[in-house]
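Here it is: the structure, laid out below.
For clarity, chains are labelled A, B, C and D in written order, and residue numbers in each chain start from 1.
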């Protein structure tokens, strides 16, 4: 019994193969990979200064790789400038705010975002499957073909 | 550069090393391992016939290994008898109901349980960190020392 | 954007749905789930007393749930009796030896087993894909239909 | 029983907080995070044109985010230019070759690299723990203080 002779193939998605969709005020989203059953979702964002993502709690770990620009969590002092690494453990809670225009970030996420109201109650839930459905719908609404997101 | 000479040690927890706490009507819980930052929680339950766990959605994958007895999800026909395996993908939704007394199950879980009301809204959230806090509190309330759960 | 309305279905495999194949001297293997691309493999074993698994290093974490009997790693003192839990971190190294007949264990594994010779060199590698191929071949060789292992 | 009130903190590592070490011919390595027990290792590389990484098989999944430059696997046609995404499933096998100077890539990896000789035998093994030890040693050898890699 040895390792199998068949080898799975690496999957490459070039920078221009998937479209950006607008998520408000010129900020953008691209959904790269969703393994719904694993709870994995990988997205890329371009945020404009002032863009805010509602305070949320993560149910799984998240990694953020900032490519350009700068953004922060309102709860922390530090700024994620280009080249910075961020590890968000499961259970972490924060409110994203973009500081510089054209801030580009990879997010590698497990689990769901539990969006919290001012009292800390769960107001809504965003996960990979929902985000993928949103991405498909936004592409369709703007006349784009269904993007070839890596879905398994 | 080769693999490290130091090797991490396997951690063993014997059947009687952690106490069972009562979760109602003679059903019981034991918390074995919680990696809070990973969103991992491993518990063992002994359920009595008629015990129900509120309808919930998982934000990560879950595995269930049934050691004895029988239980089911109200949404599915099959029964998890002794020796059965269950894989619950992230996003799956169900209502646990125990059928036989002394049904013993290992659950190996990632992420959170989003407890749903009759309209499908998130009524409450249970995760590994919260379950661990509950387990500690139940042990303390019944005069037991803090159990040696594997926490990292 | 909310969580998706479609919900993945939990997958149940009953105790008698997959065959045991002989792995020597009456010890047995059942392969339950292999997610090759994730490196996940879940198997169940029934070992007979004296059965030994070559010393190996794990490249990912492993969990073992012992249902009946008793077994140990030669490198450690403790015995995994029925009801015991075992967590083997990535990088851990050990030699399995079964102590009691009809020792039944679930193994929930990520990554590969690097089988080591007496000098600590990697002599061979076993992973989920290879074990699945072996399981299929053993079933075929004994006239059994291809078992319905959960492969994605 | 609700989600815990304590929330883990996100960990930020700025672009200049960890040193680059030379891995030959001006190519560089920075080790960002190693969760040894999970088999997780996250590194950043700057490769120079012509740099080659020996053919290897991964025992867990790997993701690559290319920030600048261009590189490829000799086994595939496509080039990973700036902004490209790469998913390498567990079991995939390839030989990295850098095409452009100052090619910068994040690698988010689970498991080990099994380095293969011309006959496909495992010649050596590289994992997160070993790479961390190498990184520490290289820093020490060049008079740098022990870098504050995120190790748990």
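Assume a residue touches a chain if its C-beta (ideal position, glycine included) is under 8 Å from a C-beta of that chain, and two chains touch if they have at least 3 such contacts.
Note that the structure is predicted; figures quoted are calculated from it, not measured.
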A-B or A-D - the one linked by more C-beta pairs in contact: A-D
CA centroid of chain A to CA centroid of chain D, Å: 21
Computed distance of Cα centres, chain D from chain B, in Å: 34
Where chain A and chain B are represented by their mean Cα positions, the distance between them in whole Å: 29
Of all residues in chain D, the ones touching two or more other chains: 3-4, 8, 36-38, 89-91, 112, 125, 127, 129
Chain-level touch network, classified as line, ring, star, complete or other: complete
Chain B-touching residues of chain C, taken from the complex the two chains share: 3-4, 7-16, 32-33, 42, 44, 57, 63, 65, 67, 73, 76, 78, 80-94, 106, 108, 150
Chain D-touching residues of chain C, taken from the complex the two chains share: 36-39, 59-61, 89-91, 110-112, 114, 122, 125, 127-129
Parts of chain A lying in touch with chain C, wherever the complex brings them together: 1-4, 6, 8, 36-38, 112, 124-127, 129-131, 133-134, 152
